[in-house]
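Once you scroll down, you'll see the structures, which are given as C-alpha cells.
Across the two complexes that follow, chain A remains constant while its partner is chain B and subsequently chain C.
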Partner chain A sequence: MRTFTPVTVYGLRFTTPLAAFFVLFFLAPLLLLLFISLHNDTALTEFGFSQYTKFFTEGFALPILADTLWLGVQVTLLSLVLGYALAWAFVRSRPSVQTVLIMIIVMPLLTSVVVRTFAWIVILGRQGILNTVLMNWEWIETPARLLYTRSGLVVALANVQLPLMVLPLITALQRIEPNLEDASSILGASAWRTFFKVTLPLTLPGVVAGCLLTFAASITAFISQSLIGGGQMLFMPMYIYQQASTLQNWPYAAAISLVFLVAVMGCVSVFNILGRLSKGYATT
Partner chain B sequence: MSTPAHGFSLTLDDILHQYGSAIAVDHVTLEIGAGELVSLLGPSGCGKTTLLRIIGGFLQQTSGRVIVGGRPIDDLPPNKRGVGIVFQNYALFPHMSVAENIAYGLAARGADRSAQKKQVGEMLELVQLSHLAERLPKQLSGGQQQRVALARALAVEPRLLLLDEPFAALDKSLRLDMQIEIKRIQRQSGTTCIMVTHDQEEALSMSDRVAVLSRGRLEQFGTPTAVYDRPETLFVNQFVGTANQLQGTLESTSAEACSVRLPGGRILQCAPPHEALPGGSDVIACVRPESLRIGSDADGIAATVELGLPLGATIVHEVLTDDGLRIKTSEPRLPGLEPRAPGSRITVSPLAASAIRVFPVPA
Partner chain C sequence: MIIGHRHSLSDLSLRITLWGLAALSIILLLAPTLVVLIVSFTSGFSLKFPPPGYSLRWYEALIDAWQLHFAAWNSIKVAALTTLLSVVLGVSASLGIARSEKAMARVLDSFFMSPLILPALAFGLASLIFFSELGIPVSVTTLVIGHTVVCIPYVMRTTIAALAQLPATLLESSASLGADRWYSFRRVTLPLIAPGVGAGAFIAFMSSFDNVPVSLFLRDARTDMLPIRMWQDLEGKLDVTIAALSGVMIFATLILMVVMEKLTGITKRMR
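Let's look at the complex of A and B:
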C-alpha cells in the first residue's frame, strides 16, 4: 500500500539555511560576547565576574541603563499618542487622501537615519526653523534651547520611529468591523465611550506591536541619540561604544551589552505578555 | 420584559437622499404605526439600507423628515435617537461576553449595576440564552449570536427596532425558527420594528405590512396579502413571487374586469388595471404560475409540456403554448400526482380572472 505525505506538512530541512545563518551570525557572536564578558582583565587572561560586579556596584552605569529605558518609554508614549491619531485619520480618509498619507507615513523609512536626524538639527537648532518662526512671531525674544535637550531628543526620536508605530496601528484599525462603532453609538454610547470601550480594546494587539517596535528601535538608536543628544546625554549604545572603541575595554563593553540585552528582553516580554492577554480581542 | 415597552410610531416624510447626483432614496413617505412590524423589501441598490441608515442617524438625508412618536429626530445623533439596530452581521463586541454585550447600552445610559444585571437577566430569558451569559460571541452559533444581538438592541427599550437583513447569514433550516422567534419577541415587547430585506418570503411571512422599494422609489405599501395578490406595479408583481408576463392589447375595461387580446388573437379576462388605461394600449398581463391549471379543458390554451419539475411541495411545469408563449405553471403536489412527460399535449387555463393583473408596458 502506498502512503501519501500530506501536502501541508513540510520537513524541517527547509529551515536549515536560516538556522545555519542564525547560528553563525547571531548565536556564535552572542556566545563569544558572553565569553569575553567573563574576563576580569582586558587581555582576556583571567576568568571572573568582576565586569558585572563593576556594572552593578559602581553606581555610574545603572542610572545610564535606567535612563535609556526611560527614554524608550517616553518616545514610545509620544509615538503612541501621535501615531494613534495619525492611524485613525488614515483609516477614515478617502482612498485618494490615503495614498498621500501613506507616502508621508512611510517617508521616514525611505530616508537615511542620518538625513532624518540632521533634518531635526535644522529644525531645532539655535538659528533653526522653529526658533526663527517663534522669534518672527515675537512669541520668544531669544532663541530657545531645543537641540541637545532631552525633550528635543524625545520628539526627534518619536518622529524617526513613528512609522513603526503607525503601520501596525493602521492594520489593527482596519481590521475592526465598522459596524461595531455604529452599534456602540446606536446603543447610546458617546464617541469617547465608543473609543475607550470598543475601538481601543480591539486595537490593543496593534498597540502592543507598535510599542514593542518603537521601544526597541528608540533605545538602540545610536545615531539619533548621539547627534541630537549632542554628546551631552549618555545612553547605553554610546556607553557601549565608548567602552569598546575608545577605551578598548572589551570585557566591560561585552558585559554591559549583555546586561542591556537582558533588560531589553525583560521589557519585551512584558509587552509580549500584554500582547497575549489582548490576543483574544483580535479575532472577530 | 416585565413591563412591555410600547413602540412609537414612525413617519418618514418625503425622504430624499442623494449621493452626489445619484438618487438613492426618491421622495419616500411612509407612515408606520406603533407596534407594527414593517418590511422594506427590494433588490440590492433599491435604497432600503440607505433608508435604514437615515433612520438610525448614520446618514443625514438630503431632504425630508424622520418623525418618531410625533417628534422629528433629524437633529439627533445616533446615540440620542433611542433606536435599536440588529446589524446584518450582528456586530457583537467580540471582546465582551454575552452578558456584557447586552449590558453595553444600559451602561452607556448610566444605569447602575443592579439595574443592569436585572435587565440583562430578563433579556437573556426573553431570548432563552440564560445558560450562555458568560460566553464570548465567537463561541456561539449564528442563531445564538443573532438572539444576543436582538437582546442587546432590546435591552435599552428602544422606541423602534431596525433589523438589517436579519436572516441572511443563517442556514435555511434555522431561518424559519428565528423568524418565528423574532416575531414572538416583537409581539411580546410591543416594539415597532422595521426590517430591511431582499427576501420576499421573509418579508411576506413576518410583516404586518410590506413596503416594496425599487430604485429608491416606494412601489407599494400594503399588507403581505395585498402586495402579493393585488400588486400595483409591474415591478411588484415580478419581484414579489414570480409571474408569467403576457404581452397584449387592452380591449375593454369595466369596474370588475378587463379583457386583453393576446398576439394569437385569444381574449384573456383579467382584473381591472390599477391605473386607468385607454382601450387599445399595449399592456402586460401577469399571471402567477400557481394561478394556472394544467388540464384538458377544451376552452384552455392548447400547449405542449416542455419540462416538469417536482419541487418538493409543488410541481412546476414549463409549457409552450401553440401561440408560442413560454409559460410556467405550479400546482400543489397531491398524492399520486407526477410531473407530466415532456411532449404531452395539455391545455392551460387561469383559475380566475381576478388572478391576472394588467399593467401598462413600461416606457
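Let's look at the complex of A and C:
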C-alpha cells in the first residue's frame, strides 16, 4: 500500500543529499579528528590519551582555555549592556528612524571582519583617533598604549559582535505588550523598577539568544584576537593554529581542538538550559 | 499616555542612561567604518588620524597590488561556487524539513545548524586532516566543500522561515486544480520563497568571502584567500593599502546591501 503524503509536505527524502554531504564532509572529518587525537606520537603509531593528559596536567594550556572563555564572558557582558540599550531605543523610535538604524546595525555583519578589526587598529593605535583626541584635550601627555591590551581587545570585540546581540533583543522587545509597562508604572513602580522587574524579565529569551551568539563568535574570533590582542595574548584559536600549522603537531592540535569544542558545547548547553528556563519565566 | 509620576527623577534617569548607551552603541557601530574610509584617503604613509592630507594615492597603489587581486579573485570564485552548492543542497533540505512534524526533521535541523555554533577552527583543522589522510591536495574544490558546510545554516535559516510563511491553502488549491508536485513547486512555492532563498544566498556569499577559520587550513599559496592575505599583511606591518582595500570593500558591501534590501528585504530576514 502506498502511503499518502499531503501536498503541503515534501518529505524527508529531500534532505538526503545534504545529509550525505554533512556525514561525509562534516561528521567524518570530526570523527577523524577524534581518532587522530588519540595518538601519543605525531607519526600516529601508538594509541593513547597522552595528548589529553598533556593538556590537563602541563599547566600551560588549561589557563589559555580558561582565559579564552573568560574573554567571551567579558565581551558578552559589555555587548549586552550596549546592545540592550540600542535595542530598547530602536523599538521606541519612529519607523523612519528604525529603517536607518537597522541598516547601521546590519551593515557591520556583512562587512568583512578583517576590515572591522582593521578599523579598531586605526582607532586604538599610537597615532590613532583616541590618542589624538586625548592628547589634544591634554588629558594625557604621551600616547597611551591601547592596542595590544586586554581592555582594547574586549571593547573592539564587543563592537565587532554587537549586531549579533542587538538583533535577537529587538525581536524580544517588540513582542512585549506595551500595556504591561504602563500598568507597572500606574501601580506606582518607579521606571527603574519597571525596567528590571517587567521589561528585562520579559525579554530574557532574547537576552539568552543574543548572549549565545555573541559568546560563540567572540571566543573563536581568530582575526580580531590576533591583530588587536597582539603576540602577548594567546587564546585557544591561535594556540590550535600554531600547534597545527607552525609545529605540525596534529595529534595535540586535534586534542586541544576537541577540548575547546567540548568546552564551547558545554557553555552552549548552559545557555540553552537558561533559555528554556527564561521562556517559562517570560510567559508566567 | 502621560501621567505625572512618569516624569519623575527615576523615569528621567532611566531614559538618560538607556538613550545615552544607545547613542554610544550607534557611534561605536558607525565609527570604525567612517574612520577606515577617512584614513583610506590619506596622503601620508601611516594610519595617523586625522590624516595630514588627502589623496587617492593608496587607491592607485591598489591597482598594482597583484597579490591582493589574485587573492580577491580566488575568494570571489570560492564564494560564488559555495553559494551555488549551498543553495542547491540547502533549499532541497529545507523543503524536507519545513512543515514536517517528524522528530527526525528536528534532529536533522539541529545537525545542519550545528556549524553555526561549533568553533569553525576545529572543523577547519578536521577538514585539513581529512583531505590529507585521503591523499587529496587542497584546492578550490576542497575550499568550496569546507565553506559550504559552514554556510549551509544561513541559507537554511532564511529558506525555512520563508517556507513556514507560505500558506498551505495555496499548495492545496494548486494541487486540486490538477497541478503535480513539480509544477506546484516551480509555479507556486519557488516564486514565493525566492526572496528568502535570495537573502540566504547573499548572506552565504558574504560569509564565505569573509571566512577565515576554514580557509586558514584549506588554502595554500596557489589558492590564497583575501581575508587571510589581508591578515598576513597586517601582521607584518600596518599597511595603508589595506585601508584603501577596506574602503573598496565597504563601498561594495553598502551597494550590495541596498540592492538586496530592495530585492529581498534582507534586514528583516537577518533577525
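Going forward, the second predicted complex is superposed on the first by the 269 of 284 C-alpha atoms of A that agree within 3 Å, B and C clash if a C-alpha of one lies under 4 Å from a C-alpha of the other, contacts with A are read in each partner's own complex, and residues count from 1 in each chain.
Assume a contact is a pair of C-beta atoms (placed from the backbone, for glycine too) under 8 Å apart; a residue touches a chain by one contact, two chains touch by 3 or more.
Nothing here was measured: the structure is a model prediction, and the numbers come from that model.
Visitor: Which partner, once the models are overlaid, touches more of chain A's residues, chain C or chain B?
Guide: C
Visitor: Give one of first, second, both or neither to describe whether A:244 is in contact with chain B, with chain C, with both, or with none.
Guide: In the superposition, A:244 contacts chain C only.
Visitor: After the superposition on A, what does A:62 contact: first (chain B), second (chain C), both or neither?
Guide: neither
Visitor: In the overlaid three-chain picture, which partner chain does A:226 touch, first (chain B) or second (chain C), both, or neither?
Guide: Touch status of A:226: second partner only.
Visitor: After superposition on the shared chain, which partner residues are touched by A:180: those of chain B (first), chain C (second), both, or neither?
Guide: A:180 contacts chain B only, not chain C.
Visitor: After superposition on the shared chain, which partner residues are touched by A:190: those of chain B (first), chain C (second), both, or neither?
Guide: both
Visitor: Kindly classify A:132 by the partners it touches after superposition: chain B alone (first), chain C alone (second), both, or neither?
Guide: second
Visitor: Between chain B (first) and chain C (second), which, if any, makes contact with A:11: first, second, both or neither?
Guide: second
Visitor: What is the contact status of A:198 with respect to chain B (first) and chain C (second): first, second, both, or neither?
Guide: Once the two structures are laid over each other on A, A:198 reaches chain B alone.
Visitor: Would you tell me the residues on chain A in contact with chain B in one complex that are also in contact with chain C in the other?
Guide: 182, 185-186, 188, 190, 193
Visitor: In the complex, go through chain B and note every residue touching chain A.
Guide: Going by the criterion above, the answer is residues 56-58, 77-81, 83-85, 87-89, 91-95, 104-105, 108-109, 136, 138, 152-153, 156.
Visitor: Any idea which chain A residues touch chain B in the complex?
Guide: Chain A residues touching chain B: 177, 179-180, 182-190, 193, 197-198, 201-202, 280-281, 283-284.
Visitor: Write out the stretch or stretches of chain A touching chain C in their complex.
Guide: 7-15, 17-19, 21-22, 25-26, 28-30, 32-33, 36, 81-86, 88-90, 101-116, 118-123, 125, 127-129, 132, 159, 162-163, 166-168, 170-171, 182, 185-186, 188, 190-193, 195, 212, 216, 219-220, 222-223, 226-227, 236-237, 240-241, 244-245, 250, 253-254, 257-258, 260-261, 264-265, 268
Visitor: Could you list, by residue number, the parts of chain C that touch chain A in their complex?
Guide: Touching chain A from chain C are residues 1, 3, 5-6, 8, 10-15, 17-26, 28-33, 35-36, 39, 46-50, 88-90, 92-93, 95-100, 102, 104-105, 108, 111-112, 115-123, 125-130, 133, 145-146, 148-149, 152, 168, 171-172, 174-175, 181, 184, 203, 206, 209-210, 212-213, 216-217, 227, 230-231, 234-235, 238, 242-243, 246, 249-250, 253-254, 256-257, 261, 266-267, 270-271.
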